[in-house]
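One chain, subunit A, links the two complexes that follow: it is found with subunit B in the first and with subunit C in the second.
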Partner chain A sequence: MPTTLVAPKEALIAVIGNPNTGKTTLFNKLTGKRQRVGNYPGITVEKKTGRLEISGRQINLVDLPGAYSLAATSPDERVAVDVLTGNSDLPTPDLVVCVADAANLQRNLFLAMQVADFGLPMVLALNMTDEAGKLGIEIDVDKLSAKLGIPVVPMVAVKSQGLDQLKLAISAALERPQIPLTVNWPAGVTDALDTLEAGLANGEGEPLTHAELRRILFDADSALLERTGVHKDKIRPLLAAAREHLFKAGMNPLAAEALIVYKHLGSLLADVEQHHDTGKVPFSDKLDRVLTHRVWGLLIFLGVMYVVFQSIYAWASPFMDAIEWLTKLVQEPVSAWLASSPVLQSLFADGVIAGVGGMLVFLPQILILFFFIALLEDSGYMARAAFLMDKLFSWCGLNGKSFVPMLSGFACGIPAVMATRTIEDRKSRLTTILIAPLMSCSARLPVYVIMIGAFIEPHYGAKWAGFTLFAMHLLGLTIALPLAWFFTKFMFKGKSQPFLLELPPYRWPAPLNVIWRMWERGGQFVKRAGTIIFAMSVLIWALCYFPRPESVEEQAKQEVVQSEQAKGSTLTAIDEQLAKADSPLALALEHETASAYLEQSYMGRAGKFIQPLFAPAGFDWKITVGVLASFPAREVIISTLGIIYNLGTDVDEESDDLKSRMASEHWTSGPLKGRPVFNVPIALAIMVFFALCMQCGATVAIVIREAGLKWGIFSFAYMTVLAWIGSVLIYQIGMRIFA
Partner chain B sequence: MKRLNELQPGATGIISVVNATQHIAQQLMVMGLLPGVHLEVVGVAPFGDPMTIRVKGRSVSLRRADASLVELE
Partner chain C sequence: MNEWLDKIIVSVLILWALGYVVWITVKKFKRPGCGDSCSCDAKKLAKNLSRKGR
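Up next is the complex of A and B:
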């Protein structure tokens, strides 16, 4: 009979395991570059998939979020249950690879037993066997495999040891799947299940397997409750009745699963695992005595934070300068090339290139920040940081895990919001997302520098200037935590987030892992934030550019000519000057024209229209235009003010011209006519506005992506209101004190 | 009978029961805090909370409020 070669069908393998078991490293080694990060539909849990080929068979891998138990309390754990029961947008997995830490086998097998209950074929990847060996732990792999009923592959994933054996085991398991042996559930549990099953038989949901029923029985609020087809309120009495059987059998429903499964594992591992006392204290413990010490731990931690931030600024600076230089370099030829069409020329030079450049300029800082975060996470130090900082966060309903996002916010709000993924509790995560943008990101710095440089330092000296800078950075933080307390108490019904964190043993971070994570996160930033910043830059450009009647240019020219004539120049001399592109007169005309165009553009009109709203904060229409124009990106206010004050766009926060121009500005109309526009209270009001407002289209976009449209809008709205209140307060109080 | 939250750094003990009155108790048990298990208090964070304990060869940090659910022999 002729043999037909049929390509084995594509298989789906789910990878699951406790946190800190090297699961990510293993996943990366299996899939290499063929990875994709996306989202599960409808929820904000990251979906990581990859592909590999073993023996001619195409395999899809899905990396389930690390978890200690399937008892679904967090969206991550719910997703794991959904994927394993075939209830996600993925088909039911053909095989589960469970990654376990050989040095902590009993606890790791708890999750494996829960997964085993679902009856899916499984392979156990026994990782970190080298560390187990150093701790004196010896595991009889064959016995373990026999007792579990599945293949067990010892590995050291980070050194790629055991990788080929794992691939072979996977291939074999797909051909001849082995289903793990499960726990013998005592009578109390089986009785409870019968009650549940009978009670749900009349429901409209699909019939649930025993494993799924067990999850509903044991979990406080199982994800599977929705699948019963019975309303939650009707389920409660049924669950209570079922759990009565557990009570009658002398078991507490909350404790039942843990006690039963661990007892089973205890006897299973009795002759599989042996501990030899090495007599040495593990190095991790010795290190922890210092690093988690009440006093030394905290000091070292502050030191580490300082080094990280200094490095971010120091290393990023040359790159940022290079990108700015590159931006200008590209603008020139493009400008020349499009000289025939002023609209296109401005669109590309001022809109597109400036917009892209403005976004890229933050990339070095963000990459370096992600680099340090990956380094600290992989080494295990991040858990210690969360431990040390927990008290600071617990009083407002958060926990130490909010620390990394808040810290990241000092560099940039976008990675800060992205970093909230590590927070499992949905409400804590949302609260952290809402307050993270209050951290004084690096885009706010130019605004502080110019305002302080122009109005604080000249009058009050360097000491007060430094103090003001520090105070501005502190402002966001001092408002953020009480605000978190407020959100937790009144919006999220006050349930405080628990804190239970494993402090993994310290490990040398694998350089490739760190670089990979840095690159991946950086790419996400460019794709998500980049497109938004770009789009908004073009939009703002258009609002500042149009309408563009020629009459404006002609009038500006007339005014310049007239003022030169008044100084005594002849018409021919004036025309000569204007003909030369670089002459001071030509430049002055150019700047004045630009300013006039901006004034009558849509943006200028909007600024004048909205200005009354900002009058209590002391803003005139020019400042208002600056504020409006900087909604895509904060530092745009500086170049916008440059244009408005006839200095052109080539100003930055150090520009003396801009500073002196601002200092000499006076109100030309209205109740404050004749008085200077800028003074200390105004400068403070502007800084406070920028400190508290979410003037970053990209951050809004990321919040929408991570938390949903409703929260994105709320976040933008509340911060704008907060900023307005803050700047009005500062201005009004300031005027009483300083005027 | 002492509770875990009352112990100071350096103290050791064997768990007698974990009061399963709140969900956090379930998480504690899954982490390995079970009756009969030996633990050691390693340290305490700068402001007195949370605390770090060593159980089954691993370090775990938890808040004193939650630690009060763990009774020791």
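Up next is the complex of A and C:
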């Protein structure tokens, strides 16, 4: 008799757990993916999916944002509830893998009990058992499994310990699903539930399960309310009537669930978990006495940040020189090869290579910055920094949870805005969305480095250069706090919520994680240089190169000749000089012609038209063009200046890098004629403008998506005005001091 | 090199650059991406599973 092999159907498994319990680490280990992990809560704010195969069965794994409970009050927690209740774009999962921190079992099982209430099959992954062991916590896994009625797998996900056992448990649970034993709800709760169920029976919404009704009963403002189909005004008296049963039974409705479940867990764990006194104060606690100290902690934090930025500045130099050398190695032969075609020579040598190469020079700084960010995140220090900042934040009316998004902002504005999803209160979330882009993202780094390298370091030395870099990164945070105070005081009077942050234990950063983070961010930087920067370089070159009437060259020659005649040279002598390609006069003519072409190009005309707007900040038309071209992406200024100064100078000029070209730039007209365009106040004004301005199309787009078009436009407008005011102030004050 | 060929190469590159910048800007505004918090895979999976009748 022929047999037919039927492939088992694809399964959907959700990974859930408290924040920072290693869910994403486990997800990455199981699926081979490289989702971002870190040693502080709130990194995952959206569901992520991956695939794996266990015993020939295809499995789709969904990594959910961390949640302490299913009382979904913030957008990221709601994602978890929606997936578990089948209310998202995904179907209800076939199995839930609940990841619990073995060192905080009771609190982690609170969430597991809430998930269990939904009647979904579950496997408990008891993670970080090594750390629990060090704290003297001993867990009887078999007993726990028997009491919960589900498989329990002890593991250390980061070391891949217990991974095979977990796969076996998942495979078995898919074959024979085991639903966890849950709490026996007392009479007060069941009576309240009956009242609620009867009251909602006439609603137009979909019928809700008992677990879903319990969420509505226990949670202050449940996300499931809208599914009842009953108007909020009508549901309030109904909820009050149902909760009256809880009051009568001596329970506060909003605390009832926690009291009942923790009592249940207390007796469940009584003979499962043993705490042995190790007689030692944990290493993390010892360190925290200093690192979270209200005075020493803050000083150490500032010191750490200072060292980070000094190192970024100092370590990158040799690597930058190497990239500059490589750029020249490409630029010179390309330029020589295309010598017969001036337009192509200019496009590739002055446009593409100067633009893209000028950007790539900053790759070492980006890599070093992310090396430190990864170290600080993985070690657990970033969570301490959030703790230290809470007092400062609450002073300006900001939610303590705002620090994690702002911290992410130092890497990139997009994840920073996304990370505000952990904030429950909409008004606090909006305030954080508006100020998060002020944090100095990695795209600002090249602008700071080039200005500091050209105008601060040569005058004041490497120490002040590092300090300026540190100060520029602090500037955004310093401005953000009073702005947050203004927003919360006058625009969004949000609820001030307590900041609950679980301080993770200090851990040695995993070298692979650090390398991966550098690789990932470095890759993104190179990709941007090869795509958007490349395209922008071509466009900026075209706008700086065209139109190209011959009359410009003739006029420049006439001016040079007239000036030489005025000095007493004869026409024949001038012609002889101009005939020699490397004579000073021929070079002066070449320079004059290049400048004249640039000034009458489309970009030159636009820059000169808009320049008066930026004149109070000391910007000439070339800087103005750089600033304007940087609105889609701020790092474009580097390639723009690279192209402008390459096109505006003769090819044989000795000062062949962008820094020295900027330093040798002089005003050619106006009251400042003959004086250097760049000086310390202008360099500071440019840096302040870039620190405060929203020059990132992608961040504007994400603000629009997360907060709406109105707030996207508002954040762009207020940051642009703020940047202009900041740069004008710095320039005007600076000129009075430095003049 | 032929002057016409130069002009064609430059024009093609400029048109490509212009098209790319417009395309990437429109794309960013329509689908801003997620930074490090992408759920795009989840949406693909949902489509895939609904096609398979789940």
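List of remarks:
Criterion: the second predicted complex is superposed on the first by the 372 of 739 C-alpha atoms of A that agree within 3 Å, B and C clash if a C-alpha of one lies under 4 Å from a C-alpha of the other, contacts with A are read in each partner's own complex, and residues count from 1 in each chain.
Operating definition for what follows: contacts are C-beta pairs under 8 Å (C-beta built on N, C-alpha and C of every residue); 3 or more make two chains touch, one makes a residue touch a chain.
Predicted model only: the values in this text are computed from it and were never measured.
Judged by the touch definition given at the top, the superposed model places A:Gly162 against neither subunit B nor subunit C. When the two complexes are overlaid on their common chain A, residue A:Met536 makes contact with subunit C while staying clear of subunit B. In the superposition on chain A, A:Pro364 contacts neither subunit B nor subunit C. In the superposed model, A:Asn252 lies in contact with subunit B only, and not with subunit C. Looking at the shared chain after the overlay, A:Val343 reaches subunit C, while subunit B stays out of its contact range. In the superposed model, A:Pro151 makes contact with neither subunit B nor subunit C. Looking at the shared chain after the overlay, A:Tyr262 reaches subunit B, while subunit C stays out of its contact range. Shared contact residues of subunit A with subunit B and subunit C: none.
Those residues of subunit C lying in contact with subunit A across their complex are 1, 3, 6-7, 9-10, 13-14, 16-18, 20-21, 24-25, 28-29, 32-39, 41-46, 49-50, 52, 54. Against subunit B, in their complex, subunit A makes its touches with residues 68-69, 71, 73, 103-104, 106-107, 110, 135, 220, 252, 254-255, 257-259, 262, 284-285, 288-289, 292-295, 297-298, 383, 387-388, 390-392, 394, 400, 498-503. Residues of subunit B touching subunit A in their complex: 18, 20-21, 23-32, 34-35, 42-50, 52, 54, 56-63, 66. Within the complex, the subunit A residues that touch subunit C are 10, 12, 36, 43-50, 60, 62, 88-91, 338, 340-341, 343-344, 347, 408, 412, 414-419, 421, 531-532, 534-536, 538-539, 542, 632, 697-698, 701-702, 704-705.
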